Every structure is written in structure tokens, then in C-alpha cells.
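Structures follow.
One chain, chain A, links the two complexes that follow: it is found with chain B in the first and with chain C in the second.
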Partner chain A sequence: MGAEQEQEQLEKEKEQDEDEDTMDRGYNLNDNVDILAEIMARLDGRSLAVAACVCRLWSTVCKQDRVWEALCDRHVIGGAGDPGTRSVVAALGGYRRLYRLCLGPALDRLTCSGETTDSDKQGWAHLSLSLSLSLFSIDCYERLEGKQRPASLLFLCKPVNVA
Partner chain B sequence: MITLISSDKRKFHVLEEVANQSLTIRDVIEDRRGRRRADRIILVTNINSKIPEKVIVYWLRHFLMPEEIAHASMSHKKAEKLKKWEAKFFDTDIDTLNDLILAADSLDIPSLFDGACEKVSDILKNRSAEEVGEISKIENEFTHEEEEEEIPSENAWVWRNEFA
Partner chain C sequence: MKREYPDSGTSSSGEVAPKGKLPASAPPSEEDVDELLAALGYKVRSSDMADVAQKLEQLEMAMGMGTAASTAPVSDDMAFFPETVHYNPSDLSTWLDSMLSELNTPPPPLPPPPMPPPPSVPSFAPAESSSVNFDPNLISQSDPSRERKRMRTGSGSGSCSSSSSSSLGRGGAGTTIGSESIEPAPVATPALPVVVVDPQEAGVRLVHALMACAEAVQQDNLKAADALVKQISLLSSSQGGAMRKVATYFSEALARRIYRLRPPVGPISDPSTFDSFADLLHMHFYETCPYLKFAHFTANQAILEAFAGCKRVHVVDFGIKQGMQWPALLQALALRPGGPPSFRLTGVGPPQPDNSDALQQVGLKLAQFAHTIRVDFKYRGLVANSLADIEPYMLEDESGDGEPEAVAINSVCELHGLLARPGELDKVYHTVQKVKPKIFTVVEQEANHNSGSFLDRFTEALHYYSTMFDSLEGSNGSPTEPPSPGQPDQVMSELYLGRQIFNIVACEGPDRTERHETLAQWRRRFSQAGFDPVHLGSNAYKQASTLLALFAGGDGYRVEEKDGCLTLGWHTRSLIATSAWRVMAA
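The block that comes next holds the complex of A and B.
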């Protein structure tokens, strides 16, 4: 009887040890890819590119277009989640490309250009996205392998009155 | 009253109205309505006891100030106060934040999930890849060659800074 009790005690302790082990390890960021993507979607462009160098899983997650979509959407006022914008961007190469080629540099310039008020910033951010989208389309157009490619872009060489 | 039981068998008694902020719990209660009292016990097996405590604190604070009302009629001062409280609430180590995210995900509490994800991403912002790996306890399994060649070229636009 005594031996049996001892055995039970030992088994219980063993179970507890195992419980503690799993508890100690805790939850790791890499355990759930969807949650990881949610966190990545809240990073800024630069930190996102750094995160891509952390490990293979992060690199894969950082390449997902939805992460970049969330990033781009944060810089748009009113246009977030618009299916029209999404299909255009997807057709032109995806949000990651859009950010890398156009939106990121535009935002960089805006932050470098120094002191602006908050309302200014919002206005600029909105403009910067429209501008990025235009540049993005032009970039895609230029990469097209077609016959009439360069000629029709000549209008860009002339100064345009935006006022 | 609802009883939550954590993975280390601790019990937490919460008012139904408060626990309803978890969409998962709300659905479970709705499913079990009108049945025996024992059915008001909910196991939250994937989280340890430290987390339900925090989650319940969060619930109570938000229960006093429901978000729908908050947005419509909350004064600026009160909004600031809630913001400050949340900043303090989320000012914790990354392990706790990770557990909170997991709990918020499984219990379906959108505002808690957003808040915790936001905080984790804030922690990861503006750091080097090594620092990020260290903070999140993730080993870099890239080989040396990959690190030298493939990765920087893929993300070259970050390091160039040619638009500055």
C-alpha cells in the first residue's frame, strides 16, 4: 500500500513538473503565424524590412501582401479597404511593391522636409498616396513590354500646371 | 456569475455582463442559457492564471466605460484618462503581452487584441534585426552567406536611405 502511494506521489510530481515546463516556456511569437502577421501589420515600413531579417518565418510573413496593405492603408484617409484600390494595386504588383517603390520614399521625404503642422501632415499623407499610386502606375507602364510603350509617356516631360 | 478556470486550476468569478466583452464567452453563455448552474463554468485552458487576472482588470475598466458610449459622448478629458490607463496597462514585458494576445485571440476580445499587438509592434520598432531577435527570443537560423547576400539585397531600400 505504502509503495503504491509513493508511486502515485511520484507520478503526480512528474505531472506537475511537466505542467511547469510548458508554463515556463510560455507563448512564443512564432507559435501562431496569424497573430505574428497582425503584429507585423502594425509596424512601419523600415521596421518591417528589419523584421524580415530576423528569421525565416518572419521573412515569409513580412512578404505577405496583407501586411503591406495594412501599412499602406494607415497612410490613406478614407480609402482604406476599398476593393477598387486593392484590385488596382494587386494588378500592378501588390502593396509591398507599392510601398517600396513609391509610398515609402514619399513618406521619407515628407518626414525629412521638417516641421509641418498636424493638419498639414494629414493633407500631405493623403496627397502622397495619390501621388504614389500615380507613380506606381507609371512605373508599371514603363515595365510593360509593348510596342507603343515610350511614346505616350512623353507628356510627362512637359511641366504641368497643377494649380 | 460566471466561473473561469485557468490551466493551473485557479477559479475566477466574474459577472456575466463583464465577461460578455469576450465574444467567445458571450456565445458560450448564449448556447448554454437556461441550463444547469454547472454550465456557467468555462475552462480557459490555454492561459495561465496571471493572464485571466489581467484580462478581468481590463474588462472591469472597459465595463465602466463601454466603447460605443465612449466614442459618442465621452468627454475629451475622460478619453485621455482611458488612454493613459491603457498605456499603463500594456506597459509590461513581452511575454505577458504575448500571453495577452493569445488570450484575447482565443476569447475574442478585439480591443484587447489590438492594444496588445500595437504595444508589441511598438517594442519591435526602430531596432536592429539582432535586437528584435533577442527581445522576441527567436534564433536567427539564416546562414552567414544568406545574411550577407540575399537578405540585404532584398531589403536594400532600407539600408540605402537614398531619399533622405
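The block that comes next holds the complex of A and C.
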């Protein structure tokens, strides 16, 4: 008897909660981190960086390397997906670093030097995997020495004359 | 030409001609002062315009041909005309008379008095061209005077337009020279850009002076050469940008040759700092411009393709320096299908004067890197004064177990130094043949700086380094930008090239190690020595093109494929070439 009553009471409370839920909150993305990560994986670099500033949860999700891996894979031609690549990139510093130091500036430069500054033009800019990783590895090598200013990738960041 | 148009008062070809507007603007009369010049602070009677123009031309010629008494900057101008007392410089006519009266004492070459273009130039241009028959030269100058046409000498063309745009754009810097040189001639409106001297004319004169000086040196006419060198340094101060820097380096190199200052004195030549400084400059050159990166990437691609399927590989680097070429190759080998091979590297380097083991340090760094990406790595450093000292046994595989090694030999700008001493290149060829590499990648400058005649070498070098300096300017954005953090890099890179210039021009015999030769010449040498060319594939070409697109100013760089070799150049001029060779099948 007691158990039934308890169960009834529980169900009632649950119903009340659910009513409250559907009335107040609805479905919250932040409860489903996996889906959040999936969405983040489809963003471009800038949006991803902006998203990382929204709140702590989003920042944690956006810092995951697999999100940046998905981004890099989209802009790189070559066997980006295979596990061998993944381990090498991880050893060199990770995809997020690869994008920040090398792929991002390079893509900016490539789209900048093209005539249009269309934002979706960037979706079409490509770099070969070997080139981007080569540049990344040179930078990683320079940092091994503990250099204050590893400079081999600076050429990507210098202001472009857009006159 | 001036006689025919007394009213328009066309000036010499060296000046901007504001006076052509006269017929359209004010009716000439005895007392009438030219309005346009008056707005600038000069009082010149319209009727005197032709005479004034002629005197200006005479003055300019006298200055241009005079031998310089000193190479002091032109700010100390009043000392050059000590006898003359100037009154009322805005009365241009009398001022010119007094200047010309000093023609007996050879006046030092000063830039001609600044003639600021009147602001109304563009609007009057159409009237100008219709009223009188100007020669095209003049039209091109008074018509948007802000944009200068390219220099007539081919190689300097790029540099002149960039230098002239820099001298106009950097109006402030340009004005200081102008205003300092002729102090008594005030510019009424300081905001107007002052064109000191027509860069086009001065540029042509500069090149002629350089050539004349080189010719004098070749004929051993050292007095004339000396005089010309001083003139060059003054002329080059009127230029801007790349042309000025090139001229400065070449004139200093000529001066060193004339005064027999070999090896060059200064901190650069100090033996104890020589090599570390050279390495530093090399690193800055590597970072600033794409030539070395291009070389490394294309050579690595060729080596990677040659090593396909090999389980044990050995790379010999004839000039390892900082080892910047190898991380990329190690990474590529780590990613190749089938996994990385076991990798051995032999790095050759010169002996270090301070007994530090630079080769070993490079090896340690590379080993650390290889460890990170899990490639089996072994390193050996070879210290050698010259590549000819290397014997085949030094490159042998000591472990000698199991599978034979696949060997690749790599030389980036190291072979031309061997031409300084007879027989050394042949010895190296012999050694390479003995080692039997799968591939021998060679990168060399694409220029002929090794001909017997000094004048030919000089001319070639002038064209080559002008283009190089142009590309450095071009890749660092427009000159009107504020100095970016990359500026010191550019200066270091220029110094790196400058040392090559000093070597080519000022040294002779075994000291002259920068004996660049063209791709065609190297091809002949390699064929005679028993090597077959290996074609660099389209992969290398594509990689190189993308790499260059990443460099600022990337549209100036050109990758070209020539018979299986790749060259990188600036606009139409190839500057560096990568080729690959293998030993001819017996």
C-alpha cells in the first residue's frame, strides 16, 4: 500500500516537474554535450573561437581537439582522417594548434589574396595536408629549442597589402 | 625645344613642368609674375620662364657631372657653395645666376632645387597637351606627376616604380632631403610633397655610373673608378627603396675592390663571429622570403618520392646549418602509407671557430623532433672545411645489417663554392658516384656570376640582386605602411644578400666563393660527370605554388617548370632552381 502511494506520489511529482519543464525550459542543448560537439564541429574557425567565449561549458567543448580536427579536415585535401595522421598531429601539438598557427592564417591569406572577401569563399580554400603539416612541423621544431619567437610561420601573419 | 615656346617655358627633361599651364591661366606681360609659382613662393616673371628653365638645366648638368668632394649627406648644403651669398631666393632667376656663377669650382652633385608640382597639375594636363607639342617624356612627367613611369633599364623597372612611389608616398621623408638641400628656397605650403629630383633620370644616371665604375675597375683605371664611386653614393641617396639599397651595396663592394680591402673589414669579417653571424643572417633570410623554403620543399618532395618503399634511408646534407629542411621530411615519412622508415642523417658543416659543436646541437634537436613523431632516427655530424674533403667511407653505413640503405644527397647552394678551387667539384662528383645515391637534389641560384670578365659578372649580378631586392620589398607590403615587426628581418635578409654581393664584386681567386652558375651550365656539368636528370613531379610543383600563394606579395613570385627542374622567380626573372639527379646507369 505504502509503496503504491509512494509511487503515485512520485509520478505526480514527476508530472508536475515535467509540466514545469515544458512550460519553463523545454529542451536544453547544454544538457547534451555530444550534440553540442557535433554542432561545433561544423563551425568555421572564427565562429568556433567566438563560441568558446560564451560560457564555461561551451569553452570546454570547443577546446576538444576533435572539433578542430573536423574543421581542419574540411580544409585540407589528403588523407586527413586516418589514425596515423591523428597521432602525428597530436604529437606535434594537436589540431587546435595546427589551425591556430598554420591552417587558419594560411586560409585567411589564400582567401584574402583572391579577389573576393566572401565569407563562404573560405569554405573552398584548401591546403594540401602535406604542406600544412610541413609548415606545422617546422614551427614545432623551432619551438623545441625554447625560442622566444619562433618565426618560421610569421610570413603567414604579416599584413597583406590590400591596397 | 625651349626656344620654340618662350611663353610656356618648358624646362629640361629633369623637371616637372608647371610652366606649361601659363598660356591657359594668365596672359603674359612684363610685370606679371607667374601665378602658379607665386603660390609656391617663387617670383619668376613669365617672360623669364624660358631662361630660368635653361639655367636650371645647366645647373643640373653641372651638378650631375661634378665630382663629389665628400660623401656627406646633402643636409650640409651651404658648405658646398661657400662663395655665394644668397639674397631673396624666391627670385629664382637671380638665385640661379648666383649658383651658376660658381660653376668654376666643380660643384658637388646636389639634387636640383625642388620644384613642387602645383596642385593644379592634373586639371591643366589636357590643356597642356593640346596647346603645345611636348615630347612624350615631358607629358609623362607633368601628367599625374605622382606616378612615375618605369625606368628604361629592364631590371630596375620594378624597383624604380616602387622606389618612386615610396618617395612620393613617404612625402615626409622625401621632403626632408629636398628642404635640407636648398635651405634658402622655402616651400610655401609644407604639406605639398616635394619631389627632389626625378627618380627616373637619376635612376638611369645611377645605373650608368655603376656600369662606368665597373668598367673603370676592369680597365684598372682606379682614379676614375674612385671618383665614380663617390658620385654613385650621392646619386643613390636620391633614390628610394630597393634601388637605393642595391646601389649602396654595389658601390660599397666596388669601393672595397678599389681599395683592396679584402677580406672585407668590419664586424662581418671578424673571423671569430663570422660563422655565427652568417648563420643568423641565413635564418632571417629563410624566414623573410620564400626562396629557401621553396628549395627545401621541392627537394624534400623529390627525396620522398625516391624513398618510396625503402625501409632504411640515409640522407646526406652537404650544408646542414640549422637543419630546417628536415622536420618536414621526417613528418612526411611518418605519415607515408606503410609507416616511417628508419632514418639516418649525416650533416656536413664547416668547423666552428669557437669550438662549439653546432652540428651536434642540430642533431640533438632533430633527434628530439623525430622522437616526438616516433620516427627511428640516427644522426652523424661531419665537420669539413670543404665538401671535397668528404670521402665515401665517411658516409658508409656502420651497422651494415640487413637491408641496404637508400641514400639521398642534398645540396642547397653549396656546390657553387667548389668552383673557386679547381678540381674540387670533380672530387665531389667522384665521391657521390661512389656512394650511389638514389637521388642527388641540387638547389642553386639561377644566374651566371662566374664568367671570366669582371664587367659581365658585375652586370649580371646587378640585374640579379636588383630583382632579389625588389622581391624583398614587394613581399613586405607597401612602403607606406608603418614599420612592421618584420622590418629587422628584411634588413638582415638584405645584409645576407649584400655579403654575397661583396664577395662577387670585391673578391677574386679562391676567395670568390659565390660563383653562381645557371641551370643550363649545371646541367652540362652534371651530364659530363655521368648523371641523369630526375624529373620533379607535379606534386612538387603544386606544393610550391601553394606555398608561394601564402607569401604576401605572392603574385609577384612565379614557379616554373623547365625540363623537369623547378625554378622560382620574381615576375619574369628566375632566381633559384631546384634539380634532381641520379647516377647514370652504367
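Going forward, the second predicted complex is superposed on the first by the 105 of 163 C-alpha atoms of A that agree within 3 Å, B and C clash if a C-alpha of one lies under 4 Å from a C-alpha of the other, contacts with A are read in each partner's own complex, and residues count from 1 in each chain.
Here, a residue touches a chain if its C-beta (ideal position, glycine included) is under 8 Å from a C-beta of that chain, and two chains touch if they have at least 3 such contacts.
Quick caveat, the model's predicted, so the values are computed rather than measured.
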item	value
Which of chain B and chain C A:55 touches, first, second, both or neither	first
First, second, both or neither for A:100, with chain B first and chain C second	first
Partner chain in contact with A:109 - chain B first, chain C second, else both or neither	both
Touched partner set for A:43, first chain B, second chain C, both or neither	first
First, second, both or neither for A:84, with chain B first and chain C second	second
Partner chain in contact with A:134 - chain B first, chain C second, else both or neither	second
Which of chain B and chain C A:28 touches, first, second, both or neither	first
On chain A, positions contacted by chain B and by chain C	109
Residues of chain C defined as touching chain A within the complex	286-288, 290, 297, 300, 323-324, 327-328, 330-332, 334-335, 339, 365-366, 368-369, 372-374, 476-478, 481, 484, 486, 489, 542-543, 546-547, 549-555
Touching residues on chain A, where the partner in the complex is chain C	79, 84-85, 87-88, 91-92, 106, 109-110, 113, 127-131, 133-138, 140-141, 144-145, 151-152, 154-156, 158-161, 163
Chain B-facing residues of chain A, complex	19, 23, 26-32, 35, 38-40, 42-47, 49-56, 58-59, 100, 104-105, 108-109, 112
Residues of chain B that touch chain A when the two form their complex	7-8, 48, 95, 98-99, 101-102, 105, 113, 117-118, 120-121, 124-129, 132-133, 136-142, 147, 151-152, 154-155, 157-158, 161, 163-164
